Amino acid sequence: MIGVGLIGSGFMGKCHAMAWNAVHLAFGDTPAIRLVHLGEANADLAERRAGEFGFAKASGDWRAVIADPEIDVVSLTTPNQFHPEMAVAALETGKHLWCEKPMAPSFAEAQAMADAARKSGKVAVLGYNYIQSPAIRHIRTLLDEGVIGTVNHLRIEMDEDFMADPDAPFFWKHEAASGYGALDDFAVHPLSLIQNLFGRVASVMCDMARPYPDRQTDSGSRRPVETYDIASSLIHLENGVSGTLLVNRSAWGRKGRIALQIFGSKGSILFDQERFNEVQLYVTSDRPTEQGYRTILSGPPHEPYGRFIPAPGHGLGFNDLKTIECHELIAAIEGRPANVIGFDEGLEIERTVHAMARSFEERRWVEVRG
Amino acid sequence: MIGVGLIGSGFMGKCHAMAWNAVHLAFGDTPAIRLVHLGEANADLAERRAGEFGFAKASGDWRAVIADPEIDVVSLTTPNQFHPEMAVAALETGKHLWCEKPMAPSFAEAQAMADAARKSGKVAVLGYNYIQSPAIRHIRTLLDEGVIGTVNHLRIEMDEDFMADPDAPFFWKHEAASGYGALDDFAVHPLSLIQNLFGRVASVMCDMARPYPDRQTDSGSRRPVETYDIASSLIHLENGVSGTLLVNRSAWGRKGRIALQIFGSKGSILFDQERFNEVQLYVTSDRPTEQGYRTILSGPPHEPYGRFIPAPGHGLGFNDLKTIECHELIAAIEGRPANVIGFDEGLEIERTVHAMARSFEERRWVEVRG
Amino acid sequence: MIGVGLIGSGFMGKCHAMAWNAVHLAFGDTPAIRLVHLGEANADLAERRAGEFGFAKASGDWRAVIADPEIDVVSLTTPNQFHPEMAVAALETGKHLWCEKPMAPSFAEAQAMADAARKSGKVAVLGYNYIQSPAIRHIRTLLDEGVIGTVNHLRIEMDEDFMADPDAPFFWKHEAASGYGALDDFAVHPLSLIQNLFGRVASVMCDMARPYPDRQTDSGSRRPVETYDIASSLIHLENGVSGTLLVNRSAWGRKGRIALQIFGSKGSILFDQERFNEVQLYVTSDRPTEQGYRTILSGPPHEPYGRFIPAPGHGLGFNDLKTIECHELIAAIEGRPANVIGFDEGLEIERTVHAMARSFEERRWVEVRG
Amino acid sequence: MIGVGLIGSGFMGKCHAMAWNAVHLAFGDTPAIRLVHLGEANADLAERRAGEFGFAKASGDWRAVIADPEIDVVSLTTPNQFHPEMAVAALETGKHLWCEKPMAPSFAEAQAMADAARKSGKVAVLGYNYIQSPAIRHIRTLLDEGVIGTVNHLRIEMDEDFMADPDAPFFWKHEAASGYGALDDFAVHPLSLIQNLFGRVASVMCDMARPYPDRQTDSGSRRPVETYDIASSLIHLENGVSGTLLVNRSAWGRKGRIALQIFGSKGSILFDQERFNEVQLYVTSDRPTEQGYRTILSGPPHEPYGRFIPAPGHGLGFNDLKTIECHELIAAIEGRPANVIGFDEGLEIERTVHAMARSFEERRWVEVRG
């Protein structure tokens, strides 16, 4: 039996709740899950959401959740700025932690969180769900098996259009206090995939851009935008592979694109999160007259697709990725090997993002661990 | 509070359980759902599955489930042949019913089920989930609004490859007792879409084929295949639209294809279930130099996508369709308008399938209601 | 040296001229080509077009072209109705013949043309260009090699939207005198592919439809449409393969679609003429976890792509197909094996079209050679 | 009447010959074209190719071609290193010039060529054919009309796999004397598109990579590769737009990819040369529920598609682009506005390539005109 606490009940809070609610039934191999205690900014909201999400208890004080002895693991889905205090407290209280990304506003805070995790001996995992799709897992298998030979180049893009409307008003994501912009919002996801598939980034040379330099405020005046919707980075990985990482949150037409192009000595692999049930594979072992990208639809042979649907090509959804992530978290809690981004690896993602920002400001290549 | 009974715990049983488990959390507007009682072929299996699926009680006798006064609605996911007796009994006991397709082995039995449903005054719904995707719902909106003008032609295909291997052994789906073959397995799904989008089929002219005339048995001998993996039908709808309905369960490479081509006087619509988060739309109201099929990714403006994910293009999965179906069932139970295939409409699907089989046998056009 | 005469200088006349003009340079292995004599409806037009197209002589009388002793082969691109008289005359004069499709308005006339060809001992070829793409040729190789095993089912569609506008006025293609409609315009092309890849059609069951029953005339009144823009046919091939052949010339959004789906015991092949530099191949010999449709881009290994471009994936165009067809015609004239639809095979296409029409009129299966 | 001389008869020489041979017939509005004189490395080869390509005269000395008074324009398709001397000589003799890219091995030589062109007053055009497709022309129209608003970001990639095989032997393209590698081979093409659509590049920050550091020589030993198959560049355009330009000639699976992503304030445009008869357009003026990328197939409304084929969606080929380029060259010769990359614009492309190389060597941003 695993007792779950949830702090925060917005979009990601609901995602966590749905994952916790589904994981036992989908996988059939986990302990029973008990939704114990939900924390929100005030007691009323906490009460209402606990009812909706099926939690037994509700508190307007997150400390009550963390202190609850019936809880084994805390899902932390509050805004970024609250992560450091809450995460450290939860870990110190002896709870396992499932914390949404990005880790923290500053690198120092992220470091403190990683330190706390290490000291606690508890499992502390970040919510990087895109590494969980059967397609990405299968890509890792293909890479491990050498199906495309030795990888020599990599391109990764992440684009959406939720900031693309120039007439949308100024809001907090345009303030420097919210971070760099696309780097925090988006670049961390491709970096989670890069680390998961290839290892760490060694050096970066990043450019950033503001498609719309100012925006309308509520008072009708224009206010300069302080963050960058676009970031484009040349990268070198520690394993010697070169590549590019390009992100844009003002890219009209893109809704959830994370496009991978992986080139090796014997083939290549393409992937796009907008069609995340598909992998494109090109191999030179095919007869020359029949070489071409194969569109491989995810199915039961691609773990853990079969836990959800026994027929191939029927398609997992975004929320299923979160359920898979939850299942991996449980494996980690139970001491089994798990496909997760722990706090130490999450810290490397943050380190890379900050190096990218520095390389832009200083217009030069920056060593991530320099 | 809705009390749920489940009879049958295979693939579709698990699907129903997952849907019942998820619907309240996803939608937030339903009564609380209680998983009350699970019935299986024997008490041991029932007990085990009740544990896995989270049902409070378990029985080796389906009649115990139906008789349980805590149950409001029965999910019936046993093999086809058991539907008539169980469905009629459940309805007569005053339970609402969510019954998997196809209805029954024979048309007479399906008729008896529809009669029982009508007499009971209870909600009786068939598990046609493909009508539930936000994409298909949006197609219906587009048709209703006349975005592609007056529809004049329709092509629909459903193909998978789970029977495509000629070396796979003979099994019960190759016996005539299992039905016609692709007509029962597949054609009912496109028919559910046709009825949902356009209304009933008036007349049919069907051809069927056996790609592999015999198959290996366990004893090593060859046994003639009695069912048809392929069915191709010319169709006329009651509304005057002509078209074709083609199904193939031995179509290597197809995994979950249901491809729609809808042609109207002002445009056309394409859809493929293998990418069911997408709709292709062509409209003549676009400037001639810019006319082309648009790939519309499902998102919050396409109901009820937003209940699952607030960001567009992130993708629902197959099981989400079942959750939506469950939500519609609840609407029907609560007396609100609902997008479901009730037993009367399901009976029309069966009637059409039988007409197709007759047209093949008699090599002539057959009126469905003739 | 081959002397060429051209009768007719519309769209297809220009296509033939371009092909004759390009074939020697593209292939480098043909005799020199001399554009000798162009015939048109009147001397003025003939003169003008001869200048544009580069023909040495011009006549307002087609008989002068046919009688010209400097001519070895006649390209016949006049409207359908003139084919019989001109074709027979050309063959009787001892000219080889390259005649555009369809052969003739009536089956009897087509038969007379085929008889004349046989008697003449000359090469008489029909302008079925879609069999000429490197992709289709490669599909034939794949089929011959058994790459997808034994073919058991076939679907083919041809769709365009040039008749799709309900507000376009009545014109000659709406008159019964022009033929059946989509059968003559379109169905002959898929049939050329079927015969080229699989052999002849044995029996057919066809449905036809008029999306717009009447159209505006110049005088402002409405006139009933006498032809059918849509034809859908169930087919059985002589080799036992079943399938469907569906055509629609009122299919908004389709511009030059000819979509093939070929299913075999070990794989399947997809093709669409709108992307005719690509073939999709699925084979079960790929490892199960990596099975998927490969998109094979045409390149030098796919004959005769390399005669046009030495780099793969750069793309042939529609007119290149006509140049390839011209090259095959020259091979036939020189007595070498050639990939062409001769008059005898063309007659089988016509026979099948007429059988389809009869099956529609009589609402029954019709044996093509019955 | 235009008299044509051709120097060089390899792949591009044949392309030029085919274009000159086809242009009058395809467009119908040019002077007659006369293939006068072909020059090759020796008289025998010149004679043979003149016969194949249809040129009246042949010489083993290129100076004889340039001196021929019957010639108005010289097509120069020899290897890069011969361009400077031949181009300058041809221009000084008063011939118009159609010179293949890249201009010259060194920037100084390219400058000398551009100077000679300016002094001569003759038309001097570089063979950048990718700007000629109806799709790219249409993209320019869309940009000019503001259909996607103000462009703010741009990504362009060019990838092929002809250098991707690590077991292919060392050859001259691996020597430093051949240039930088992918920059010369590929980057010039995307730069031609960028200049054609958006104007000049202001500054660049480029990274380069060698996927295979050494290769086998004929003698069996390994020799270090001196060029770079991969180049990735951050770019800023003079108009303020930022972007990336990525090229890879060792990209397994890519055959002729030139992928454009253009993001604006009201929409976006995608394009891929591997499917160059298609443009993808996303516009926010579509109703929100129907927004999506439209796949626009080239057709007669997209100039000059209709000169080749009167029906949309039938597809131009690579060689047709060269014919269009030839037609633009003739327009330039006749003093009409023409869509060409003249020597001055070509020089800017070279300047940008050299700036990219410098930025890689010096690991810093470089101003192109700095």
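As written, the chains take the letters A, B, C and D, and residue 1 is the first residue of each chain.
Basically, contacts are C-beta pairs under 8 Å (C-beta built on N, C-alpha and C of every residue); 3 or more make two chains touch, one makes a residue touch a chain.
Worth saying up front: this structure is predicted, and the values here are computed from it rather than measured.
Least step count on the touch graph, chain A to chain C: 1. In this assembly, A is the chain whose CA centroid lies farthest from the centroid of chain C. Each chain gets a centre from the mean of its Cα atoms; for chain B and chain C, those two points are 41 Å apart.
Between chain C and chain D the centroid-to-centroid distance comes to 35 Å (mean Cα coordinates, whole Å). Residue positions of chain A touching 2 or more other chains: 254, 291-293, 297.
Taken in their complex, chain B has these residues touching chain A: 11, 14, 17-18, 21-22, 24-26, 28, 52-54, 160, 162, 254-257, 274-277, 297, 299, 308-320. Contact residues of chain D toward chain B in the complex are 138, 141-142, 147, 279, 281, 283, 286, 288-297, 301-302. Considering their complex, residues 148-149, 152-153, 155, 157, 164-166, 205, 207, 209, 211-212, 230, 232, 234, 236, 242-244, 246, 248, 250-254, 261, 263-268, 270, 282, 284, 291-293, 363-365 of chain B touch chain C.
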